[in-house]
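You will see chain A twice below: alongside chain B first, and alongside chain C after that.
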Partner chain A sequence: MRVAFVGKGGAGKSAISGTFARLLARRGHPVLAIDSDPLPGMAYSLGLPHDDAPLPDEAIEDRPDDEEGPRYRLRAGLSPVEAVERYAATAPDGVRFLQFGKVRTDPRALFRSQFAFRQIIRELPVDRWDLVGDLPGGTRQPFTGWGGYADTFLIVVEPMAKSLLSARRLARLASSGDRPVRVVAVANKVTEAVDAEHISRRTGLEVVAAVPLDPVFAAAERAGKAPLDAAPDSAGVQAVSSLVDRLEKEHPRMKVTP
Partner chain B sequence: MKIAVVGKGGSGKTTTSAVLARTLARQGHSVVALDCDSNPNLGISLGVGDDETERLVSMRQSLDEGDEAHAPGWDEVLDRFGSEAPDGVRLAVVSRIDNPEPGCL
Partner chain C sequence: MDFSGQVVVADLEAGVGTLTRLGDAGVDKVLIIVEPTPKSVEVGSRAAAIVADKSLGEVVVVASRVQSDDDLAMIRKAFPDHQVVPVPDDPAIVAADRDGQAPLDTAPDAPAVQALTALAGDLLATA
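Up next is the complex of A and B:
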């Protein structure tokens, strides 16, 4: 499966996507987690101790002047699959992790790594890893190429006015793209039994999971720890686990090519 | 005064901006609230509602699609692309919801 989590800033994309990626890996899937956010948050929810995982310079070369294409690319002879196998960070449960890069004062410092990141995602064969992506918050990026790898977009929605409006915009933008994608909602920080129904009615989307507002889950995030490690039995983790079950049924386990 | 509110997604920028704008207006200041977020929700926090917020967004979108003329000056921008919010705050949306980040790959 290739899923991407989108939604308003702060909706819970990183916490849910990181947890989702690890739970999917525990069920035997080869998982590549992808954080496309220049303000990255997925590393923490995966349980990595740092949120910097750029591709090293040795993996990248300049494009010769006489060739068309992006300014930097994977070095000759290094395939996207090999680049992931060799250079992607390894998170708990065997999840591999690639990151667009944490943008600091000088964004140029990461250009090489970012070009390679884009190339890998664009060219990775579909049958090697299940992809679980965390996209930047808001409406601007997901459907302008950044989420191009996904066949399913999961819009994380809180039962709040601004989150609902953002989800409606995202649903609209997703369906106006040039390729068919599945767009569904994940209700997050749910407190009332009617919240999921409310979200479905207001966004017009199928709600495939309802993650409760869970103080234990929130405390893990506050401490910068993976919910799956700090709060493994929490209601929040259980809800994400049900989501994995549901999507796994729809996308049967892929065969791992050795 | 000119104030810009920034921060991580979900940290409360929009809510803070709206409360600041309306509080300043109540104290007698003439206030313009500019929504520069590519996912503009300021109208909701100011209290103009979903429909009016979306109307401002689509006004802004139609500008680039050629259906709406550019405004020649600041007053015209606020007049044409703005909306009256409670406490006399003037709200305008100045960003598109679907523009890729400039310079991004």
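Up next is the complex of A and C:
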């Protein structure tokens, strides 16, 4: 399974994707959570302390002038799988967590790490980890190559006019690439029974989960805790669990560890 | 362009990407919208650092969706050197958003709208 959560800023991508990754891992799947947001987010929802650290310089080398390819790359001899095993953090439930680092003031400080990060994801063997990505809000990253690993885009949509508009644009962009991907919606902060249907009608997307507006789930966010730790029995966590059930059934190729 | 005598209000993209790419064109005020969550406070702190680093303008922190004194205290603690303006969590804003309407049209007297009206007045008086 290779999924990426996208949507407008504030739609709830990190909380849902972090919870999704851990629930998937609890069912025995090897999960790599991929955070390509230059700002902190997914780590909180996984239950990890946030950390700015980029991939270290020892993992990266400059491309020699007489060779073609990206400016920086993984050090010769370091495979993408080894890089994950060595440099990805380990979150609760055994989820591995990979990021290229977080920006403080100058994003150029992360260039080297970004090149290596993208190479790792591009070249990972498909059967090693299930990938769960949390892409930054908006449209810039998901469809400029950063979401290239995903076979399913989950657009997190709130039942609000602005969020619906963003979702329609994201859906168009997701479907306009040169490879087939599945694009579906996750309705978030749902308060009324008709919300999911409304989102489906307005976006033209299949709604694969409806996560209710849940004060307990929201309180976890306010406390900076993973919803799965702070509110394991909440309606929000239950809804994400149902989403895991559904995608698990729909991805027969997904590897399950013994 | 010459904007003298006019008010320009820019709504930047989420995150700090646009801030990091802005040149040295300063503004009078940079309003950083922060919710009372550690994640939002962390992002807001980084935005404030970039604004200071690039001398873009004076920072005003807008504490949005504040539900309690604790919420506000958490944000004030993170921004001890900045003015912090609370905007309460307000169902009228949520309802307007759901309907795709401007809160100022649908709920001009709602507490959050009132807080923003006061903020606009302050900015006009001091900018």
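We adopt the following convention: the second predicted complex is superposed on the first by the 248 of 258 C-alpha atoms of A that agree within 3 Å, B and C clash if a C-alpha of one lies under 4 Å from a C-alpha of the other, contacts with A are read in each partner's own complex, and residues count from 1 in each chain.
By definition in this document, a contact is a pair of C-beta atoms (placed from the backbone, for glycine too) under 8 Å apart; a residue touches a chain by one contact, two chains touch by 3 or more.
It should be emphasised that the depicted structure is a prediction, and the values quoted were computed from it without experimental measurement.
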Kindly classify A:159 by the partners it touches after superposition: chain B alone (first), chain C alone (second), both, or neither?
second
Could you say whether A:205 touches chain B, chain C, both of them, or neither, answering first, second, both or neither?
neither
Touching partner for A:106 - first (chain B), second (chain C), both, neither:
second
Go through the superposed model and pick first if A:221 touches only chain B, second if only chain C, both, or neither.
second
Could you say whether A:1 touches chain B, chain C, both of them, or neither, answering first, second, both or neither?
neither
Go through the superposed model and pick first if A:44 touches only chain B, second if only chain C, both, or neither.
second
Classify the contacts of A:24 with the two partner chains as first (chain B alone), second (chain C alone), both, or neither.
neither
Which superposed partner A:10 touches (first chain B, second chain C, both, neither)
both
For chain A, which residues belong to both interfaces, chain B and chain C?
8-10, 39, 137-138, 140, 161-162
Using the touch rule from the top, collect the residues of chain B that touch chain A in their complex.
8-11, 14, 37-39, 41, 44-45, 50, 53-54, 57, 97-101, 104-105
Touching chain B in the complex: which residues of chain A?
8-11, 39, 70, 114-115, 118, 137-141, 143-145, 161-162, 165-166, 169, 173
Per the touch rule, the chain A residues reaching chain C in their complex are 8-10, 14, 37-41, 44, 50, 103-107, 136-138, 140, 159-162, 221-224
Chain A-facing residues of chain C, complex:
13-17, 20, 36-39, 42-43, 46, 49-50, 53, 71, 97-100
